[in-house]
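Next come two complexes, and both contain chain A; in the first it sits with chain B, in the second with chain C.
Entry: the complex of A and B
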């Protein structure tokens, strides 16, 4: 039995990287043509959970709600964090869920994971129109302490507490790093600035060991996968899917394109003449700058 | 502080073999490698030999890694032919030296270090893990402290917290910093070094098979002497890999300092030789001029389309011209038949020529440029390859050896590694790391290695093989002006007693005579002139500039320079302006200046600079090596 059980909740998202994304003629996302991938914030959450594996030999479970193809996101996350359990919550009934209804499914799933979960990691937010509320709402439903914008953390296994550094940004003020100690269990939403540091030989050796294990496991991810529909999960149908979503999206507007205030000129980088032009422009701009 | 039994510093082929062998013996060891990925810093020619000496025993790669090496390791081709060419302008005279290649050898495989060391690392890490050890890359050792009061050795790195070990194996290569920080030996001097420079050329597998007359997986080594050396002592090589060629030049550093020539000029001299340029030629797409009358957006779109199509054409052609590539394509279900692949290939070809004004010309495709110093083991082998509780192996111990016309460093480093592992395991068993117990045992073992003990005998045997191979050269060809030993070749009577004569002369006097301008330059030129076949070049290879070569390399830039110029007026460094393979040095107001970006860590400038390897993960990242 591990001393620490952690969970990660992740999301399959459209791959916005070059060459993978496709748009409809009206400028909206063409979901059928766009490739999907593990959301970048979910990936960061997986990295943060992996830190617990390397440092505390934690057991990791990953959960996601989505269509059957969302199992690929579980595989990708397992490749990062060497999880021993993968949960996919998949049911037509879940469709149309807002953040609150999603939180209900995730909460129920987390309670079904192996071991009593001590820390749940979630991404900062999703990149395809999510508002960063799923995490806090899931935490609230679980009754876990919520720690947002975490850039670093340590666990005190004896005291059963977590000591986390949070990046606090307030408009008009300098960013501050706040250190917080909270009793387990906690729900951590990981800041994009999170980066794990492994700086002893032992840590680096276990890092290598688990990385290798992660590759082997994720190559056979189906072996670790459990798929739940609403009934298997045992959720109350009132709280999930469209029915459980109090949010009503009554209109989606395209963000109006700002009028460009600057004129761009396209220069050909392989053309000597064009390069010369660029340098001349830079010179012009620099000479206009007065450095005091 | 964390404690481990053994630290191995450097993850080249020698260090990795030490880790694997220590694990085979059930011992715990941690290997630290500065490069961000194992294999990213290692350069070789290279042919990896497995040897079977008449007397005594050497430890080969398959002894360390087991038979799985032969069945699974990603080596390139098994070398079965070995030819030496004398060159003079467009004339080449070839001598079959396969007997020298087969001399006391089980096999010789052509290898690319990035791939091969990656495989070695997987094997070694897996074994090491079982005993609480392993490989950590991206970490550079910067100092070692011998805390005598507490009887402990502390390793410090740029990246990790310090830790304690009982013994150290230094496998940090020819520019060993461990040798410096431990005071084990001074830096190697130019008389003790060669400079090697190499390019990797891409060529489809089937083209290599046909052009070099090889069956799949079989390879050939071509060696070159004569005018391609531009009067330097050393020579060139061309080894066939699976779908690349390794072409390089290795010259004595002394000879380069006496008459500085840019390393790229030396390697270019090989590429321009008509025999080699015919070997490397391929069908290469070249872009036409973009129609400047088109709207600029369209010009850009066309450029992208061309780039994408050329990439597809290259990839598909590479697969089509290789047995495995073809099979993989058919297995993937993307194509139903080989003809279908060919059709698609032709269709891309047509699109490129007809729609996008791309023409296909005869040229060659260079994918990597690299360089490194090579220790001349006959002149710089550490006679005492240990200091305190450190054992030196491979290039760090100055072990690279020129056997006849070729370098052997890989196999000797592996033999060292095996012996060092044995010595360390023995010391761990007795918990005795005293130099008299650990170091001396290792030194004796290295002395007993046929690679050390029989070095002179091996040279003499080679001479014999060489003389046999050249017996058809008419006796008048080598005029009396040229070296005494080579003159022997011209005389039937002398040839039979040449080896005896070499014995009488003594090895120390023989060595400089054999390794002379006569041997590498004058005599081969004379032979080629008089007996050589003329080769008509069918095209002129467009050789990239050094700036283009550097631009093609990958670097993890470090703002801090790992090299410091301590004396900007140094005459030595003034020559390094020419001898740095990537032109990092320049002269400004009579002061030598260094721009470290672009440094490929060859070590050529290390003699008179404060020279360190870059911090962990930083610096050059070779893809082939």
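Entry: the complex of A and C
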């Protein structure tokens, strides 16, 4: 038995890397042509959970809601963090869920994981939806303390507490790093700036051991995988999918092009005389008096 | 689920170190405009209610009235000095559901739930809105930059059982997508299908800082300022803030007169092209910014370059920084609205782009047509000749 059970909730997302992403001529994402991958923020969450494995021997479970192909994201995350358990919540009835209805599924899934979960890790936000709401909403449904924008954390196994550092960035203020102490269980949404540090030889040895194990396990990820449909999960159908979503997408439109705010002078970048003119104008702008 | 069960627009105010975070006044401004036209259109008398949590904040209440709030509900406690999600969520949802408070806000009416609720889309409001709306069991849209209230005829498989139903006084919440080219309108609608009838109020959203204008403050405005006494769960108080440390970002746009930014136009040879951008920035003594897509690390480059440039700290735009340097040079940036909002206040804007039809053309003073690979080396030479670099 491990002293610490952690969970990660992840998402299969469009792969925005060049070569895999496809844009329509109008600049919007071509979803049909774009490949999918483990979301970059989900990957960061997996790295944060892996820190718990290396430092505290934590047992890790990963959960995701998505179509059957989302099992690939579980495999990718397992490869990062050497998870013991993979959960895929997959049912056509879950499709079209907004963040509240997604949180209901994730919360129910987390409660079905092996062991009593002490920490849940989630990404900062999805690269496609970009709401950043699903994590905190799942936390509240679980009754876990929510800690957002976490850049670093450690666990006191004896006191059963977490000490986390989190970023607070507010309009017009310098950024603040807050150190917060909270009793377990907690739900951590991991800031993109998170980076794990393994300083001692012992930690590095442990890191290498688990990395090897992660490779072996993820090569056989199906062995660790459990797939749940709505019935197996035991969710109330009124609270999931489209049926359980308070919000709907009413319409999608192109953002109308505003009036031109400036009248650009168009210069030819291959013409030295034009470039000379451009630089002269830049110079003028920089030397102008600023009247405030 | 009659319309009579809801009223008012609640705005959750943010305060940091005894100062109002500007987005709070921007939200009040938009709330004022919306409710004024709402009251005219529906001949009603609904209010803008500001919710303020903190410690020693009474002074701030008057300012909020001047900036458009009709009523202030504030909770003042040393426990609320800094944001902690659990006690903030509980206090706000208690305020939203408190019958006595409701009677104080509108003495003549029976208890009503908030109709609409606004939060800031920042590192406090984004999470706070999420948890409050779970506590209130309603829907939430994030990162909104346009709002309207209208009566909409909706036909929806679940919500209306496939039949057309008119939803009155519905908040249309416009959200720019990640590309910056599409607007998605989100609605939060009650389920009116008799089999699954559910009430989804308040209709709520988080609002992008820097989008809406505050109203001009009016010292003559008056309104009730109501204190709410929150009760805290002792277990929640075990979450403690041990320390707070102010840090300055490693990327300091404000100390530079010039900013050079790059976008997806580097795609043909990312590593080399970022080097070109570096060269240009060095010649101009400029800080380097990026467009939002770059922070998603769309290109394979060395770890050094990636961790230095493909980071959110450098993003210029609605989901990053808003800057106003003397000179802004946009290299390979198409000019999505999301980016333009962050740089449009620059004094002079130069764009380097091969496509004359890209939207950036309408947002710049000089448009240098050409591929960055060809233009930057020549431009750098020309700058050196005219010795343009100005010390920051």
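To be clear about the criterion, the second predicted complex is superposed on the first by the 245 of 292 C-alpha atoms of A that agree within 3 Å, B and C clash if a C-alpha of one lies under 4 Å from a C-alpha of the other, contacts with A are read in each partner's own complex, and residues count from 1 in each chain.
One rule holds in what follows: contacts are C-beta pairs under 8 Å (C-beta built on N, C-alpha and C of every residue); 3 or more make two chains touch, one makes a residue touch a chain.
All values derive from a computational prediction rather than experimental measurement.
K.L.:
Is A:103 in contact with chain B, with chain C, with both, or with neither (first, second, both, neither)?
P.N.:
After superposing on A, A:103 lies in contact with chain C but is clear of chain B.
K.L.:
Once chain A of both complexes is superposed, is A:200 in touch with chain B (first), chain C (second), both, or neither?
P.N.:
First partner only, chain B.
K.L.:
With the two complexes superposed on chain A, say which partner A:72 touches: chain B (first), chain C (second), both, or neither.
P.N.:
Neither partner.
K.L.:
With both structures placed on chain A, which of the two partners, chain B or chain C, ends up touching more residues of chain A?
P.N.:
Residues of chain A touched, chain B against chain C: more for C.
K.L.:
Can A:114 be said to touch chain B (first), chain C (second), both, or neither?
P.N.:
A:114 contacts neither chain B nor chain C.
K.L.:
Examine A:167 and indicate which partner it touches, taking first as chain B and second as chain C; both and neither are also allowed.
P.N.:
In the superposed model, A:167 contacts chain C only, not chain B.
K.L.:
Just checking: does A:229 make contact with chain B only, chain C only, both, or neither of them? Give me first, second, both or neither.
P.N.:
Neither partner.
K.L.:
According to the stated criteria, A:179 is in contact with first (chain B), second (chain C), both, or neither; which is it?
P.N.:
The answer is second: A:179 touches chain C but not chain B.
K.L.:
Which holds for A:209: it touches chain B only (first), chain C only (second), both, or neither?
P.N.:
First partner only, chain B.
K.L.:
Just to be sure I read the superposition right, which of the two partners does A:266 touch: chain B = first, chain C = second, or both, or neither?
P.N.:
After superposing on A, A:266 lies in contact with both chain B and chain C.
K.L.:
Find the residues of chain A that appear in the contact set with chain B and again in the contact set with chain C.
P.N.:
Residues 266, 268, which sit in both footprints.
K.L.:
Under the definition above, what is the set of chain C residues touching chain A in their complex?
P.N.:
Spelled out, the residues of chain C in touch with chain A are 14, 16-17, 19, 21-23, 82-86, 89, 120, 122-124, 126-127, 129-131, 133-135, 138-143, 152, 154, 156-159, 172, 176-189, 196, 198, 200, 209-210, 235, 238-249, 257-258, 267, 270, 284, 293, 296-300, 311-312, 326-327, 329, 334, 336-337, 344, 347-352, 356, 359, 361-371, 374-375, 378-379, 382-383, 386, 388, 390.
K.L.:
Per the contact definition, I'd like the list of chain B residues that touch chain A in the complex.
P.N.:
Touching chain A from chain B are residues 2, 4, 30, 125, 129, 132-136, 139, 159-161, 163, 296-297, 299-300.
K.L.:
Using the touch definition from the top, list the residues of chain A that touch chain C in their complex.
P.N.:
Residue list for chain A touching chain C: 16-18, 21, 23, 26-29, 40, 98-100, 103, 127-128, 130-137, 139-141, 145-149, 163, 167-183, 189, 192-193, 238, 242-243, 245-255, 257-270, 272, 274-276, 278-283, 285-288, 290.
K.L.:
Of all residues in chain A, which touch chain B in the complex?
P.N.:
Going by the criterion above, the answer is residues 199-202, 204-205, 208-209, 212, 266, 268.
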